[in-house]
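Below you'll find a set of structures to go through.
Two complexes are shown next, each including chain A; its partner changes from chain B in the first to chain C in the second.
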Partner chain A sequence: MIKRFLKRLLNRIYNFIKPFKYERLNAFILLSFLLVLIYTYRLLSLALWDGQKWIDLVSEQFQGKIMLSSEKGEIIDRNGAILAASRPVLSFYIRPTEIGDKELFKQLLLGKKEQYEKYCKEKKINCKKLISKISPIFVFKESEIEKAYKKKYTIVKTKSGKILKIPFVWLKKDVAIDRKVAYNAARKLLKVYYNLSGENAFKKRYPDLLGYVKEYVRVYPYAVGSTVVGVSNKFGEGLSGLEYVLQRMGILTGKKTCLSGEKDARGRVYLGNDAYLFVSREKGQNVQITIDGNIQYIFEKVVSKYGKLWHPKFINAVLMNPQTGEIIAAVSWPFYNYMKDEPGRSSEKLLTSRFVTAPYEPGSVMKPFVAAAAINEGLVTKDSVIFCPATLKIGKYVFRNEFHGKDVKERVWEIIEYSDNVGAIKLAQALGKKKLYDYYRAFGFGQKTGVEIPGESPGKLNDWKKWRDVEFATLAFGHHIMVTTLQLAAAYSALVNGGVYVKPKILKAIVDDKGRILKTFQVSKGRRVISEKTSEVMRRILTMVVEEGTGKPTKLENFYVGGKTGTAIKYNRKTGKYDKSRITATFAGAFPMTNPRYVLVVSVDEPKVPKNMLWATKIAVPIFRELAERVLLYERIPPDRKLYRIDENGNFTIIDINRDFLLTNGLQQKK
Partner chain B sequence: MVVAVALTIKVVDVRSKCTKEKKLISKLVSEIKELKERNRELNIEYYQRLRPETVDKNSQELHFLKENEVKYLR
Partner chain C sequence: MNRKLAAWFLFFLSLILSLSGLIFVYTGAYFFSLSKGVSPYLYVIKQGIALMIGVLLALIVNTKFNYRKIARKKFLWFIYLFANLLLISVLIFGREINNSKSWIVVGGISFQPAELAKVLVIIFVSGYIQYKYYQIKDNWAYFLGFMFLAFLPVLLILAEGDLGSAMILSIVIFAVLFITGFDAKYILTPVSAGAVLFVLAVVTAPYRLARIKMLLDPKEYFQTSGKYSSYQLVQAFVAFAKGGLFGMGIGQGVQSKFLFLTFAFSDFMFAHIAEETGVIGALAVILSFFLFLYFGLSIADRSDELVGRSMALGLTLYIFLQAMVHIGVNLGLLPTTGITLPFMSLGGSSLIGCFLAVGLLMNIARLLPGESKVGVKLDGRGRFA
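Entry: the complex of A and B
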């Protein structure tokens, strides 16, 4: 059908344009015309439409680049302890095909005395002295030498597909020897070899039968903070954590020197005259981070202890300075162990910073934000009395209060102390959907904190217009919202620091090798979320949770600690219901509460414990307490609850201080 | 002629002094570089040996004291 149509069309065109009498001449003209058309199209295609593509192809074939990467800078903690550094190492190679007497060479490499003694006798020199000079490179095993001999050469496949055999085999990589010592030792060893074997070094194509290449390996001397610091691969490229981020930011890596030249058919790059100019390799900058290596270690140790005990999916713990947003310690169990694990696919999960990447439904830890919003809006005060019925029906769902079937009257602060869902719903209803949404956003939920750790999740907070009434109710006690542990820490910081949201940060400064600060990463200005007065009220309310409420096991004798528990039952996607056997337990709090210096959030996901243990009070609170205690001891913080004094006569007195900080006018409070 | 010879000698003398100084400087620079590297090496080793476990072990008594012990005398 189409063929017939085309034939007819061609016939018509041909009949229309035939200028000559002779058919053959007309056919020739038509053919020529068609050829000119094809030629013009091809010409335009090569030069105009696909021009760049062809130019790129040619330059790829004939031009090459040599990248010289520099030594990476160090990552140090806030005390100056080295968390990550580049250590110069030497990688030794040999050229097996160039070695005439392999057995002799092997014996010399292994440091066999007989051969050296033979040489020394001949040269009449002190043998002990010679051996001591060469001995630093007696680091090779016989098996390693045999393996290298067996391999003979390195096979390299060029881009063009050609296979090259290069007389070069790695003998041992990453040997920590001083370069100067290694140079002298290798030179002396070769001298002995050439003398004993009778070979002429000048006649050799490659006289360096043994040599080394200076390389850098990334080491983690303090061996803590893997979920923050991350790791680099063998080539020094950051794979995760700050190693990855700082490399991408171009801070940790020195300037990459790129030398361009022409490439031959084998893919070898020949540099032009310009490239022979002096090339200096600049070391990358050192970065000081806000993490305290010792506190981080304490965190890792404590969290590991509970991780092995309860086998949860993860345990996150973040310690923050609420005034500056500096993260002092952040851990996510299970984590990568610098002393045991190797970077690779199997360790990917261990290197995930779940405190920023894994959002979850937080539960009741969200109630203080509802109360703070209501107080800040002037709708209630901390002492306002709220009627909380035993049950509250919203749509087809029934919510129960915490008083086992009793209708009660509570003060606002008691709603938080007893973690009453009905009370929290009532406060949220007083606020209204939009106001609650605005406050949640202002506290940083539903958006990334902007911390310099890769893979941060914004969590989830739907637009208030999409909230159904029941969702709105559950949002008051931390359901239908997903938050990360760090978001909670930042939000609690705003709650207790005077009401200003400060962006969490982990980078402190760029410092030189002498420790001088070259650049400081400024603390973000912050935005006011609640008034200073509301923040002060919230500090007292949160303290009451620990004094008499769900956070009681965290009560310390010398310090006021404040916080809120959150036991969130997890949603089972398979059944479409909430599964009571799977919880995420959270405790978010601050200390010392009269002037908070630390905000600590602990979240434990799906602990495998008996049913009666499935409460944040029993899971997250003990971890919080242990961590808080250790931090207060380590930092030598003066107590804000008791004052210890020794008078002139040597009498020891203990005075209670800040007693009026506690709230005592509760309606449900035990007298 | 004499002046020219004297000048040449002077120039050669100055140049040789310069070369010597340059050699000295480059030697010093490489020495500094080596010392820096050594310093870094030692630093790494120091922190490898110090390790937070050591700090933690040394402060174990603090752990047993708990926060309610009298460690806070002002």
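Entry: the complex of A and C
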């Protein structure tokens, strides 16, 4: 019943709404209506909710973006010499698959006169003039063109993993031609080609058969400072050193302007109307660093000389201004050579700035800090007499008084002068664990210095509560502690500059192209570690080390040089013992000592030398001496030890000055 | 619906469509003509002249002609001969313009005779059915003879390489047969035979298969270079997507501006309209063509004689199907065929042909026998409607 009723109802409704009297026409209109419904659904889905996918597909492969990687700024040294700069070059490409007459195109590229003359005859123009306009881009060799023809495509893998063949091949990269000249030349050449071959440029998908892209290559004119400045890859992205850091900070690259525009089927990008006018390609900012290119060059030369002589694992040398914390030169052998090496995996090791990344056990160079702490705390004075036995047993370990080899009475400054382990331990014990730890921390050990060089290591200094007695004893002469060369330099600066720790600093200022300073980098205020008086005492003690103690080879005729040697035998992880054949030799010092202007730390790791040479005195000190001499010579520092005078009569006199700077009341006989 | 109202509705609908078509031809072809190095107004002016000729032709056909006289026996054969001659002349003297060899150039004016021939074929078919109705209906031999006559021009169009037009014309012929009350077997047998042939043609020729595959997965074929790239299709999709609901504004379409949608003024006119006026404009276009179908079919519905009915149906369907195939291609529902959007796409011959059809439809409506003033008619089943 219900079925019948429904049938009748449907029939009535149909009869009511049916538009035509012919049933077959109704069928037509019904079918068409269905079709219209399907179309409407599809239209709505494409336009409203499904369309983004297609837009993405298009934009993924033809991104309508122009990345204006503006020219990178320069890195210049403290004197204004350019250490790293960007040079504009053009890279030419061709589209081999789009070229109909390859032979003709090749001849045009090579600058064959016959073809051009043919064209000129037809057009009745001056052939010489035409060739002279195109000739700047006759820089391609036949082999290069053949190679590009053979390659046909550039194969690119998209994000989704699809492999695309793009009709685009680099012909020659990094050609130094003016952009306007190249533009005119390429345009003229294409015009000649299209005319001679009879092809229609408008029918081609890519009519730019020959084109170029303006790029910047990073150049390093002085070729020094690779361990500090670092390198960039061919795209101009910084890979290491300051190139990397400054790019990350967004200083060197400036703002990367990304203009999104529409790209047409021929590959031209159109920007919105407003975008065009207001974009200026701003060059990145120039950064002045504290490195002195010339001193850096001296350092690199000297260090390489010794590196080739001894083949150590590394040689670090850091020259610092103790008053301001500016790093004037920093080198780590073996280093990257801008002239020879290529950036890449193989040169990664060469680019490591080991003076901040590689901590090591410093050895006796730590003793002055113990002495300074003890003096600063008022526990001893520099002249206090301390009894140092030949051997000192702590736990099951025996420490020896190696320099003297017998029980002696020494003054505090003599402990440093002769690098007496037992004396240092006694001073440390007088201080106590906590005080020693606090002073080490205050001098910056166990924490990053915060210098803007990537990959800095904090070194290693355990908390004092975890120290065993033996560890505490060895800490007094620089074992069980890991420091970097730069940390040592900063700590020595605090030791000699009047007792203020200043943060090492490499970035000086942002300057414009004319050298005017736009912004100076903030100098962090130093923190006082030891009193000025203690610092002055330490200067005199360190001078004595060079005058009469272990640093004697560094003694200069005209200058007071002060410093401390450190020979640390290395711990062998395999055997679990200290290996006497492997040492790290360090010399940390300052000059001229009456008013220190430079702090220099040299560390040499595992030099391969005969056994009798395995002392810092023989390894690090000669390097220090040579570097110090040359720096003093280069900077023309007035001598603080001798005064050279020519009086009115023309008599030449040499006067010793600052004699009382030296300490003289030693208890031990000088050898 | 009042037949006269329907006729004038039809006329004004087509006029509105063609006038708005002028705008979209201008915006769609602007950058294309610039890249070709011709004036951007050239195509619009040509289209405008064709529109004027078409409108005049439609009005003349409406007032001065009588469709029954056109469908007289002698005249019919003349029309048939003329249509075939036109098609053959294309095959012989045809010139290739814009990648299709369907143009004839006489005295500097180029036109596509096939567009006119198609309308003439429809006139012939509907007239011939009236004369030989019973013979064709009852006799296989006559039927086959009719099929041969009707499909000879279709084959000629096929020989030109215009598969899409040939398909549309065959569908129109079968639809005319269907509406005139032919037995289903007469229609289904050739249709199924045609379908089998079509499938065979697709399967055997790899390039046709590629086109179907391309339709199913346009993403995959986006990068393939050459004839079977879905590049244009995807660009049409992008045009729809960028248009959104309200469109980017007339003259603001990016896809045609930057030459992604190269044939925004012909093969991809619908996508172009959708980009510039959004879903609203596109729906208006679809609706307009559906209304066109409705008015055309109501004229066919009113006509009590065979020739009027089949002619009205054939001409309406001819225009409607073209539009539907064009839109289907644009929406990625049908394989790319190169069918233009009637009234709107660039193409003077096509416009004139379409207005000839409109004129005939109006003529049919005008000369129908008057409706009874009572307004009550018996419907097919004898009930009062």
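Here is the rule we use: the second predicted complex is superposed on the first by the 509 of 671 C-alpha atoms of A that agree within 3 Å, B and C clash if a C-alpha of one lies under 4 Å from a C-alpha of the other, contacts with A are read in each partner's own complex, and residues count from 1 in each chain.
What we mean here is this: a contact is a pair of C-beta atoms (placed from the backbone, for glycine too) under 8 Å apart; a residue touches a chain by one contact, two chains touch by 3 or more.
It should be emphasised that the depicted structure is a prediction, and the values quoted were computed from it without experimental measurement.
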Give one of first, second, both or neither to describe whether A:Asn612 is in contact with chain B, with chain C, with both, or with none.
-> neither
Just chain B (first), just chain C (second), both, or neither: which does A:Arg42 touch?
-> second
Answer with first, second, both or neither: which of chain B and chain C does A:Asn651 touch in the superposed model?
-> neither
First (chain B), second (chain C), both or neither: which does A:Pro221 touch?
-> first
Which of chain B and chain C A:Ser346 touches, first, second, both or neither | neither
Give one of first, second, both or neither to describe whether A:Pro88 is in contact with chain B, with chain C, with both, or with none.
-> first
Give one of first, second, both or neither to describe whether A:Ser143 is in contact with chain B, with chain C, with both, or with none.
-> neither
On chain A, the footprints of chain B and chain C overlap at residues none
Could you pull out which chain B residues touch chain A in their complex?
-> 34, 36-38, 40-41, 43-48, 50-53, 55-56, 59, 62-63, 65-68, 70-74
For the complex, which residues does chain A have touching chain C?
-> 15, 19-25, 28-29, 32-33, 35-36, 38-40, 42-44, 46-48, 50-52, 54-55, 57-58, 61, 162, 164-165, 202, 205, 262-266, 270
Please name which positions on chain C make contact with chain A in the complex.
-> 35-37, 175, 178-179, 181, 219, 222-223, 225, 234-235, 237-238, 240-245, 254, 257-260, 262, 274, 278-279, 282-283, 286-287, 290, 293-294, 297-298, 300-301, 309, 313, 317, 320, 324, 327-328, 331-333, 377, 379-380, 383, 385
Residue positions on chain A within touch of chain B in the complex are 81-82, 85, 87-88, 178, 180, 219, 221-224, 293-294, 296-298, 301, 513, 556-559, 629-630, 632-634, 636, 638-639, 643-646, 652
